[in-house]
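Sharing a structure, written as structure tokens. Questions coming.
Just so it is clear, A, B, C and D label the chains in written order, and each chain counts residues from 1 on its own.
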Amino acid sequence: MNKNLKVVVIGGGSSYTPELIEGFIKRYDELKITELHLVDIEEGKEKLDIIYNLSKRMIEKAKLPIKIFQTLDRKSAIKDADFIMTQIRVGGLDARVLDERIPLSHGIIGQETNGAGGMFKALRTIPVILDIVEDVKKYAKKDAWLINFTNPAGIVTEAIYRYTDFDRAVGLCNVPVNMKNQFAKIFDVDEKRVEMDIVGLNHHFFVTDIFVDGKSSIKELLDKYISGELQETPSMKNIESLQWSKSLIKSLKAIPNPYLNYYFMTKEQLQKQKEQFKENDVRAEAVKEIEKDLFREYSNPNLHEKPKRLEERGGAYYSDAACSLVNSIVNNKKDIQYVNVLNRGSIIDFPYDSVIEVASIITSDGPKPMNYGKIPYKLNGTLQTIKTFERMVCEAAVKGDKDLAVAALTLNPLVDSDSVANEVFEEMYKAHKKYLPQFK
Amino acid sequence: MNKNLKVVVIGGGSSYTPELIEGFIKRYDELKITELHLVDIEEGKEKLDIIYNLSKRMIEKAKLPIKIFQTLDRKSAIKDADFIMTQIRVGGLDARVLDERIPLSHGIIGQETNGAGGMFKALRTIPVILDIVEDVKKYAKKDAWLINFTNPAGIVTEAIYRYTDFDRAVGLCNVPVNMKNQFAKIFDVDEKRVEMDIVGLNHHFFVTDIFVDGKSSIKELLDKYISGELQETPSMKNIESLQWSKSLIKSLKAIPNPYLNYYFMTKEQLQKQKEQFKENDVRAEAVKEIEKDLFREYSNPNLHEKPKRLEERGGAYYSDAACSLVNSIVNNKKDIQYVNVLNRGSIIDFPYDSVIEVASIITSDGPKPMNYGKIPYKLNGTLQTIKTFERMVCEAAVKGDKDLAVAALTLNPLVDSDSVANEVFEEMYKAHKKYLPQFK
Amino acid sequence: MNKNLKVVVIGGGSSYTPELIEGFIKRYDELKITELHLVDIEEGKEKLDIIYNLSKRMIEKAKLPIKIFQTLDRKSAIKDADFIMTQIRVGGLDARVLDERIPLSHGIIGQETNGAGGMFKALRTIPVILDIVEDVKKYAKKDAWLINFTNPAGIVTEAIYRYTDFDRAVGLCNVPVNMKNQFAKIFDVDEKRVEMDIVGLNHHFFVTDIFVDGKSSIKELLDKYISGELQETPSMKNIESLQWSKSLIKSLKAIPNPYLNYYFMTKEQLQKQKEQFKENDVRAEAVKEIEKDLFREYSNPNLHEKPKRLEERGGAYYSDAACSLVNSIVNNKKDIQYVNVLNRGSIIDFPYDSVIEVASIITSDGPKPMNYGKIPYKLNGTLQTIKTFERMVCEAAVKGDKDLAVAALTLNPLVDSDSVANEVFEEMYKAHKKYLPQFK
Amino acid sequence: MNKNLKVVVIGGGSSYTPELIEGFIKRYDELKITELHLVDIEEGKEKLDIIYNLSKRMIEKAKLPIKIFQTLDRKSAIKDADFIMTQIRVGGLDARVLDERIPLSHGIIGQETNGAGGMFKALRTIPVILDIVEDVKKYAKKDAWLINFTNPAGIVTEAIYRYTDFDRAVGLCNVPVNMKNQFAKIFDVDEKRVEMDIVGLNHHFFVTDIFVDGKSSIKELLDKYISGELQETPSMKNIESLQWSKSLIKSLKAIPNPYLNYYFMTKEQLQKQKEQFKENDVRAEAVKEIEKDLFREYSNPNLHEKPKRLEERGGAYYSDAACSLVNSIVNNKKDIQYVNVLNRGSIIDFPYDSVIEVASIITSDGPKPMNYGKIPYKLNGTLQTIKTFERMVCEAAVKGDKDLAVAALTLNPLVDSDSVANEVFEEMYKAHKKYLPQFK
């Protein structure tokens, strides 16, 4: 695999791509990419062009022999590829605005990867990703890997493993690595000295232990929150992070993923979102503004590196995590990374054939999950609810089953009534119809 | 066991007792009870007296040689008993009014067996029931059975199995038998010709199959709802039953227990409850009025039978189900009843050592659960969430752990925020403090 | 189903058929069979004729309106049938002689349903049974049941569930009911008052509890063996039953199925078999003699009933158990019978999709296994070994995989070496080649 | 932990100790041991003296500041220790001679860690090890680790985890690392480039995958055996290794641990052992001779290093594996080693609370098992049989239950009859009585 390493980035015109390029440049000593193909669709041509040119300038500045290409022809780009990275956004940010605003107009949380918004993002994305998987199976090298960081990354990876026979896909998210880095700061040690035990799913896991130089330090960490020494649990750019109560932290003996804010602080999150809704400033709308600025900056022919500003975008470390994953697979590094892969009993209470987000040893044969065992009982209800929702959404997306999509919403904790589920589905379906060909 | 059958009813002063007496009278040919002891506490003395006298008149009218006693001395009543039936209400209906009104004053569902109200009922009840279990172990016959129909019956039975070594307890509820009877009406057949497959927990199960003369008829039943031929799913007196959407029924392929209305129709249920709140007519307040009338009626020395009116009370068939259970245990009837017992793998996805509500063969060695297998995946999230809540409540009740009780509320789907959980807990704890000695 | 009940017996020329006829006659009041078809193959024509005529005389004597037919045309017999009962012997008793003698000639146990002999019986039988299943799917009524009592009944039923999509098959054996009846005698009560908890597989289960009138009596029973009050554990006609040691019974807290004699007394069983081998009196050879006599007797036109002598044959109660099963399915009796059906979690340690022998409630929707839970750990090794063997044999039989058949033998506890496994397989394969078309 | 590292070797007078000393010397740069205590019992004083002096000479030659001590006072040696390594032999080699000869005299396999011999070694060893565990809990540092390489290492570790609350024990064996090294030779690569997937128990696992530079190479490896290119599967000094048949390897798709020779080649192994028995040359007798020579050599005051000859002894790499394990724990190396630890769901089909031999990431918090998932079904029977045996032996050893020990033997595949189990137990019990105080 080491010779002529060909990497394809689908959704190459994404604003995140410069971080990816930076990541590959940084690792070139170990990870000698020969060809890098940026692929996008007709609607994204203009952005792709900007990104391609910036990437080219970055590589030139680094004086590396990486050949870079841009194309709208996905199949030919995938031909003989070693790695296919997917970072697409079906319907673009305009669709995300709808994902956030329509639920809010019905009095429920509007969010990109959770609740009704998350479901519709999945319904639009899954058919496209399954098409890409077909291309990978047909055209890429036999031992090629698909690295998906398109959201909702967990649901998308579940769909690949449940509805195709392709078994070389890894879903990736930046939340675990961000949490780890924030914990490292708390303990004032280098990030490399920290590992975590996590249990759960993409955007829905709990940190149940933290190791500093291999020593379990969760009690020390929890005590900092319980005693009030630390005022804030780890958070993400795109989440209004509220503080969990001491009773919750003390009882769960775990740090929840920041996205669980939407579930355990629904009332307050909803109130904040309703204000943003009124001011036309929901997260998607804010991001549209940031993106506009970013692409203006990217277009500057004197820019030869990833601008600082990208970090505001919310996906910091996403692309870097992806480069790191590719590097460990290529070089059989056997380091620990947190990825979305098939459970296969790693967490005993989840279905054997479902996808989980789990600490894994990264080898040239792919990620090998470490064993976690049983879910601590207090965390089980929340996690099983999300997995049920994920599976229903996958099935609805693949079969084009509207009733099932409605039922998934009814059972989702962010939706407060079966009737609301029916209404929201109807309105969102109409709004996104163009991207939902699987539903008759 | 057949000779000198001694039955003890703890909470004998309950308004339900006449149905129990009627049930034993009806079955006397098979089930020859020698002694029947009605036990209550000082505060319930007056009601106990009324019930005792009515019961006596009923037995006399039936001309049966059942000796009936009333007492406040629980231990001596339990001495050498064969069956101990518990139907207590710690704090009485006044406590129930608080269980319903306080949560509502914080904008969340107030209900006797669910959410914050259900949790506080459990916190008050569990220590008392565990005390009774100790008495049963000490004083009753070695092979005595404890039949509990004190709510929340599932949580209480879980507490017995998880926190004592007593293994002859059965939790009982009238919902399954009520649903079965309503289905029998729909199919226009005698109730004896109908059996059900149920999966889940007390007040939180789904009917996944229905058999008429042993023939699976679930498709036919679901179609009646989906087609609109049937407008109403089975309901209970004490629940404002709203209609599930066709999408939900079609996708779940199961009939939800009416209590699931609070979870899948939270918005509408909350609205109705808020109206009742304003009019001082929450369910507990309505029930208080009904009880007042009932006891007036019971006091009539010319009354020699269970008055029709009792059926309005909401617990119809509860006591009859209890008599039926006792009868099948005594006579090794091997019929199918739906009871709360230890799972032991009957439903593979629930903890082996947790209590479930399950179709069981009733023998003289107690209920033997039939195998159910895996929970249909769509139902798993909801059911696991409730089981997690139940276990947290049990642990909090037994250990007197306030933080855990708060966390249980935070994770409960009827509570919309961690902050609300903290506030509601604090207020309810103060209100019920007298009955919560286990918390320091 | 009650009208025009059509029953088909495949292998109708079997010497056991008269018991079946007797069973149907005995139950006619409840179970009104309209048509009874005896099917056999060309080679069995003569025996079929004898059986048909005897059956006819039996029915006539009983003065019942059951129409009886004999035919070699399986497909047309199956047309619109309600029950298809399979009791075939591929290769006849001559093949069984080889199954017993060849292994013995290599120094290992030769037995009809165990070890090398059992495997070859399975390899010959499975393809024929799977053909019959195809006919049943095509020609029988949609809700028809296949009742298989062809040995090895557990392996054959496993093959049906694992390699076809037919889910209305039940495997039947007379060992559980024989053990139950022997226990009833020990307790001196009517058989109807006894039930058992069994755990395991066909010919390889343990009785872990016994209930007399619903009261657990296993301790009493075990004590009889341990104290020496009882000298003999239950046995079968066709097994040289030796006494388990007190240490074994005391430690297992269970009564082994008599077939486990071959596994726990291998040395002594082998010695006895070697003597029989020398005297040309292995069980199959003895049975051939019995059969010859039986058919002579059956041919007597003055015989109008099942002759006593049939009981010597070894399969006593087999056919009666089959009639009883049919009766309970037709009439939704909900009684407990011990049958081979899909596990579905009933015994948590066996594969969910494997077949087990288990106490089941017999309904018109088929047998519903009662929950057993975990296998007592001491019994787990033995039982898993047999299940592994069964599955390997099924796979080898269906795929025609010689290597796998050899490996199955190597892992079988009755085969003492990989080299012996290879030699025995080769010799037996040659001997039975005619009946093993699936192997190239 | 890095300062003042104190290591205690119980059974310090073992002939293996020089390899241990060599291992610590070799790793001193990373693993700075301050104090090394060799502990033995009165009967081993003479050997301890020889070993102590050789060790001292080795350390002096290496010019390292490791302080070395010898003592018979176990408790004071354990005081404040960081690592306690146990390599004891209760009853010495004389007991081993009996473990091998008595079973053989009854016609069954006599072997140190398997069958009757293995059981008696466990019965003698477990009580002593549990005593040591008590000392470790009382006197050692709170985060001390117990590294056990006393055989049968798997059973001993199971006993620790099942019958004490000590959770910092690791069982160690040299078989996995030996197999890995032999595979590395076959692929002609450095050992560090090879990893394996193993499934099973100490001395009873299968290699189901082998990775060269992270690439799955099991097919290539299996093909070498199936094609005959390789004539010999990996073997051990102390096992007469015979060739598995091609059918077996092809069907199992796995390489069995060499000890499985006793189970799959029982006949041939027994024949070889019977010859050794006649010539008074069973393995224990051969080893006694080797040991005599070794200690003569060790006594030579001019010897300053581990003599080559030790490799003949059979335990090569054992002590080196132990040093490597200590090193990775101390330095949080996160490398993969194959150790005996608590399962906790790593292999889903084994009890959650049993010990398995499994590929683990070695950290300062101890070994973290990688997830394996389900046991391939063909391997399940054999492995469960051994686990059942192990658990019965542990329970018998701890409770002093003779009946259970007999039953364990009856169920063991190397014992061909319940009667033989009873006889062998009786004779071995008498022979070893002195070391079996737990049996009354």
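In this section, contacts are C-beta pairs under 8 Å (C-beta built on N, C-alpha and C of every residue); 3 or more make two chains touch, one makes a residue touch a chain.
The structure displayed is predicted, hence computed values, not measured ones.
Any chain touching chain A that also touches chain B would appear here, but none does. Rounded to whole angstrom, the centroid-to-centroid distance between chain A and chain C, based on C-alpha atoms, equals 55 Å. Taking each chain's centre as the average of its CA atoms, chain B and chain C sit 45 Å apart.
Residues of chain C in contact with two or more other chains: none. Touching chain pairs in this entry, ordered by label, are A-B, A-D, B-C, C-D.
Every residue of chain B that touches chain A in the complex is listed here, in rising order: 244-248, 250-252, 264-268, 349, 351, 377-382, 384-389, 391-392, 401-404, 406-408, 410-411, 413, 416-422.
On the chain C side of its complex with chain B, the touching residues are 195, 211, 213-216, 332, 334-336, 344-346, 348, 352, 361, 363-365, 368-374.
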